[in-house]
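What follows is a set of structures for review.
Two complexes, one shared chain (chain A), two partners (chain B, chain C).
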Partner chain A sequence: MTIDNTPVELVTLTIDDIEVQVPKGTLIIRAAEQLGVQVPRFCDHPLLDPVAACRACLVEIEGQAKPQPSCAMTVAEGMKVRTQVSSVMADEAQKGVMEFLLINHPLDCPVCDKGGECPLQNQAMTNGRGESRFDGEKREFEKPINVSDRERCVSCARCTRFADQVAGDPMIALLERGSQQQVGISDDQPFDSYFSGNTIQICPVGALTSAKYRFRSRPFDLVSVPTTCEHCASGCSLRTDIRRGNVMRRLAWDDPQVNEEWNCDKGRFAFPYVQEGRLNQPLVRGEDGLLHPASWTEAIDVAAKGLAAASGATAVLAGGRHTVEDAYAISKFARAVLGTDDVDFRSRPHSTEETQFLSSVVAGSGLGVTYADLEKAAHVVLVAFEPEDESPMIQLRLRKAVRRGRTKVTAITSHVTSGNKKLNATVIATAAGHEVSALSELALDANTIILVGERAASVTGLLTAATKKAKESGAKLAWVPRRAGDRGAVDAGLLPGLLPNGNSLTDSSAREKAADIWNVENNTLPFAAGRDFGAIVHAAVNGELKALLITSVDVEDTQHSASTLQAIENTPFVVSLEIRPSSITELANVVLPVAVVTEKSGTFIDWEGRPRNFGQAIREHNKLTDGRVLAMIADAMDVLLGQQDVAQLRAELAQFAAPTNRVDAPSHGADVPNGLTLSTWNQLIDDGALQEGEPFLAATSRNVIAGLNSKTAAAHSIAEGDLIEISTSLGSITVEAIFVDGAENTVWLPTNSGESKVRTNLGAAHGNIVTIKRGGGQ
Partner chain B sequence: MTFTETTWNEAKELAGRYPHSRSALLPMLHLVQSVEGLVSSDGIALCADVLDLATAEVAAVATFYTMYKRHNTGKHHVGVCTNTMCGLLGGDAIWNAISSDLNTGHDETSEDGKITLERIECQAACTHAPVVTLDWEFFDDATVDGVRKALSDLREGKEVKSTRGPVIKGLQASERLLAGFDDDEFDAPAIDEKMLAGLHRAREVGQTLPSSEV
Partner chain C sequence: MSRVPQIVRGFWVTFSTMFKKPNTENYPEQKDKYPPKPRFHGRHQLNRHPDGLEKCIGCELCAWACPADAILVEGADNTEEERFSPGERYGRVYQINYLRCIFCGLCIEVCPTRALTMTNEFELADQTRESLIFEKQDLLGPLMPNMVAAPHSMVEGTSERDYYQGKISRATDAQIAEVAARAGINANGQV
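Up next, the complex of A and B:
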């Protein structure tokens, strides 16, 4: 990390007769905090622009006739400030405002979600009168909006300012200004923001509550545990609130380097999967062909015997949801126990070019481009990457940078999206599959950051071009995967030909070192680079594999779901480590239940390369990690790996030194598709397996449509609003066509939303050729 | 309702009149009100669409200013100033008389749908107190009888003129004017002798403004 040594201009002032020096531009309320003086506040929030809406923070300033709002006034040299600590005027002003705010605020604290953690409750006690003098009728509102108790609102405008400034979704506003002032939406445009949950968290009075959590719990019944979000590679710090072994809610936790104080609604609300519909017992397929509950001893024994018998023809499909410790355990198990290098975490579409890119550029590279770098960059180029859907914290950080006027954003993507509008981005509308030339034509310099997304893997030559462009221009390059475990999987070596920490399997000295750390004979490790996910599936479909070990893979993610299922069916012995039943566990010979993120400790590596450690949140459930389960199977196969608890795995992984011989950077030429192509990525809130069981969240997902340019539509006789059929040789999808401001000859579909199941129905990846026609279906 | 292409084009014309198109929101709300007689959800959606704002942002503005009506209005709008100056000089009496004649309260419309009555705040015409507005045109130095006569003429469809000249044509016509589409009927000069009386008196006694330098 670099330290900014620019001298800071300081201003000297006194607060309550104590001299204090603070940087120029500091707000009085923050300067007072430096002295340990807490001036009451509601509207003030360090990450929002000052507004002085609630007037709770009034202080006396020498020379000013009236008290002034300390949250909106910056310090000046020689200023003499008196807070409630030393000024009767300030104290009376604060108490007066508090009394005023409480006039319309109901005394329903005993039934309010905020009760017990409420800034209004707390500050009414510290800076208000004990008894109200108001004996009139309080203002009342009907309750058509199920998450808003408008009478509790003190009009601080934190929620509306968050929505407008931070998220860029100004669908809530202060309506009916005056005595009936209230926060509301317009009738026809609901608050469908990916970030709406943050407004609940920053509401200082309980006027905004969560539909899911409302009336469910009291703050003092909860045990709060710091955790890391498992949904994407943004790496958000979260606080998980637990009651009697159940997760009641999740909040964004303050981490200035990563998520600041925000998170997205998926991270906040998509957690029912951790407790509903779980696999609780090992299952073993009996001679009757059905899965039967089994003891751990029996299940481990069957798994070990089956895998041992398949020796020489086994492969591992790993998925992208693992902690780096579990990913490492899987990586090690494949090489040291199964003796195979047929291992890959990339269930979603991928390429050999990407394998090379990840091995040479990403693996073991440590902390690279950071959130702080994004905020300072003059220019950020988004290549095949949609931050609002794929890494929402990058979206918020870029918006912050753009609002400050220092950063411009360029997006190479198929069309102008709501996300890049909020970044004021220059969109280089590029048909899917044609990104290489668009990127090559850009003039970039060393103050540029290139962010390249997951779907770049599907565009031949794009990762090569991005690497080359960064090298030539001096621009920094970062790969932003979509899953929390993706970056850790790369570091753990869950790719063919790649050992942990960026070491190459085909480098004999690295392989010797690995054998040494793993305490196995060097010759038991595979020598040649193995097959990637797609090649493993292909081999399995052809009956070339005798056993598969599959951990946390969702067939809906794989390039063509039906082929993946066929691969599993055609493999005689399949072991599945899973948290919940899936189409894969149904086909497996042995199913072993494993812990979810709340039931274990571990580390996710976020897109920056920053380790995000977290502890075990729930201790009541006795679930095993993937690492522990694999250690037991290894044990039964007479390979002693130790306990493989998180501490051991972490320490072992640290023994892998940085590689002396890196894998070569990719050098693939562009291969431009000739025809109408599919542009696709996963929307933030979609039909992903970990979002199941949360109807309130699902209700805020975006409409399922096909987006296309009006000229392309006209060429196919398609009018806006028509149903259109998008097809490949493997199947078709029929959805409504909406015109977008974008490139010609390309059609956009959400990857996994409603009718639009791109992997299952089209078996296609971003940039593949598709055909479109009007009508379809009936 | 669906707005015609003309309205859409006029809204776009308004947006083009300002360096920041968002500044056109106030006239644009008058424009949609001139078409519908109120600012409906459709009107809000039109403004939001043309100015690329969220509908909530437009609604926040539309619900703040009392001149934007969120409910149906009558053919004519009658405003009676009941602030201190007008109220004391006869505004209260006019309000009581008219409100009882029409059996209509504040911001309500008469049963025949002809007149929407509103207590209004200071119109900056205290010189001519008490002031009444007919479709936002001034009716200066108003009396109970004068206003009764004007309203009865309006309800019978006879021509009524503002004391400053223009013919009273209905709220929707005035809204169009407020939106910035001129009807080429000019008001009488806004300054008359009554307004200048104070200035003449000050000059007589030699009063001047204090210097602006502190």
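Up next, the complex of A and C:
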């Protein structure tokens, strides 16, 4: 991280007779905080523009006849400020405002979810009168939505300012005037924001509460644990609130370097999976062909015998949800115990070009482009990447940068998305698969950051072009994966031909070092680079594999779900490490239950390359990590790996030095598809396995539509609102067509939402050729 | 007096006491002889509104006030199908652990709806730890005449405010019929 050394212009003022120096432009309320003086406030929030809506923060300023709002006034040289600490006027003013605010606030604290952690309760005690002089009728409102209690609102406008300024979803606003002032939504546009949960967290009263957390507990019941979000590679710091071994809610934790004080609704609400429908006992397939509950000893024994018998024809499908420690344990187990290099975490569409790109550019590269860099960059280019859906914190940070007016965003994508609009982005509408030429034509300089998304892997030549472009122009390049464990998996070496920390398997000195760290004979490690996920699936379908080890893979993510299932079915022995039953459970020979994020400690590496450590939140469940389970299997196979707890795995991983011989950067020519192509990415809130069991969240997902350009539609005689059929040789999807402002000859579908199950039904990836036709009724 | 041996003086007390009226209560044979004072802190009771709906709103203030951490409450949402208290919120889980309770009465002092009060019952000894954790059904007050057991809907045409202002005097015929119908459904297992 670079440290900004530009001298700061200081202003000297006195607050409560104490002289203080603060940077020019500081708000009085912040200057007072530095002295430890807490001026009461509701509307003030450090990440929102000042508004002075609630008037709770009135202070006396010498020379001004009336008290002034300290949250909206910046300091001036020689200013003499008196807060409630030293001024009767300020104290009286604050108490008066508090009395006004409480006139219409109902006395229903016992039923209100905010009770016990409510700034209004607290500040009414610290800066209010003991009794109200109001004896009239309080205002009452009908309850329109389950979670909004408008009569509790103090009109601070935090929620509306957040929605407008930070999220860019100005769907809520203050309506009416006077005592009837209320937060409302438009009749025709619901508050479908990906960030709506943040308004609940910043509401200083109980006007906005969570439907999920409604009436479930009080702050004193909760044990709060700092955790890291497991849903995407943004790496948000979260606070997980636990009551008696169950997760009650999750809130955004303040981390200025990463997520500031925000997170997305997926990270906030998608946690029922950690406690509902879990696998709690190992399962072993008996001679009757059915899965039976088994003891750990028995299950580990069967797994070890099966894997040992299949020696020489085993492969590992790893998935992208692991902590870096678990990913490393899997990487080590594949090489040191199974002796195979057929290991890959990319359960999504991928390519050999991507393998090369990740091995040469990403693996072991440490902290690269950061959120702070995004904020400072003059130009950010989004290539095959939709931040609002794939990494929402990047979206918020870019919006913050764009609002300041110093950053310009260019997006190379199939059509103008709602996310692009909020970034005021210049969209270079490019049919899926044609991104290479669009990127090559851009004029970039050293103040540019290029962000490539995970779907770049399905466009031949794109990762090569991005690497080259960054090198030529001096622009910085960052790869933004979608899963929280993807970056860690690359660093742990969960790719064919790659050892931990970017070392190449084919480099004999690196291999010797690895054998040394793992305490195994050098010749037990594989010599040649193995097969990637697709090739493993292909080999398994052809019956070439004798055993598969599968950990956290969703069949629905893989390029073609049916082939993946076929591959698992055609493999005689399958060991699956899982948290909940899935379609793989049905086909596995041994199923071993493992811990979810709340039950273990570990590290996720976010897209920046920043390690995000977290501790164990729930101790009661006694679940084992993937690393521990693999150590037990290895033990049973007479390879001693140690306990493989988090500390051991971390220490081992740290022993891998940076590579001396890096894998070569990819050099693939562009291969432009000829025909109508499919543009697709996963929406933030979709049918992902970790979002199950959360109806309130699912209700805010976006409509499932096919987006296409009106000219392309006309060419296929499709009108807006028609049902259209999108098909490949493997299947078809029928959804409603909506015209979008985008490139011709391409059609957009959400990857895994409702009827649009691209992987299962089409077996297609971004940039593949599809056919469309009008189909079905209206 | 000093010439009288000590032993005689001692036995004189014993002897004279034999002719006094004893102060001892023959508990438990004559337990009503000295009933506890009306404000004695005994076992808790969860009260009901006059129509039988529960007064507890599950706010957890009692649990919060409890210095011995003896109370566990979990709130939940009333629905139109299953209403336990007037208003939005009711206490789904209510437990008092009498192995921990010190009968200080802070819980009944903080209760905002007077749902929790203390009775005069003091016989709280038992054989097992489990039996001394009282659940909601053990703590709920008895159904007085004109009350019907929750869940059932509020008196028609009233709001929660009417309950707190004491405008409800008894369960209406509609409520009684509703509870009877509900019981019928449960007994026959039919919808």
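A few notes on this one:
Here, the second predicted complex is superposed on the first by the 775 of 778 C-alpha atoms of A that agree within 3 Å, B and C clash if a C-alpha of one lies under 4 Å from a C-alpha of the other, contacts with A are read in each partner's own complex, and residues count from 1 in each chain.
Here is the rule we use: a contact is a pair of C-beta atoms (placed from the backbone, for glycine too) under 8 Å apart; a residue touches a chain by one contact, two chains touch by 3 or more.
Predicted, not measured: the structure shown is a model, and the values here were computed from it.
Steric overlap between chain B and chain C is absent once the structures are superposed on chain A; the two fit side by side. More residues of chain A are in touch with B than with the other of chain B and chain C. In the superposition on chain A, A:G320 contacts neither chain B nor chain C. Once chain A of one complex is fitted onto chain A of the other, the partner contacts of A:V111 are limited to chain C, with no touch recorded for chain B.
When both complexes are overlaid on chain A, the residue A:G493 reaches neither chain B nor chain C. Put simply, if you stand at the Cα centre of chain A and look at the Cα centres of chain B and chain C, the angle between them is 80 degrees to the nearest 10.
In the superposition on chain A, contact of A:L174 is made with chain B only, not with chain C.
Residue contacts after overlaying the shared chain place A:D188 against chain B, while chain C stays out of touching range.
Once the two complexes are overlaid on the shared chain, A:G206 sits clear of chain B and of chain C alike. Closest contact between chain B and chain C, by C-alpha atoms in the overlaid model: 28 Å.
No residue of chain A lies at the contact with chain B in one complex and also at the contact with chain C in the other. Of all the residues in chain C, the ones that touch chain A in their complex are 57-61, 63-64, 74-77, 87-89, 112-113. Across the complex, chain B meets chain A through its residues 41, 44-45, 48, 53-60, 63-64.
Chain A meets chain B in the complex at residues 169-178, 184-189.
Those residues of chain A that touch chain C in the complex are listed here as 109-111, 115-116, 214-218, 220-221.
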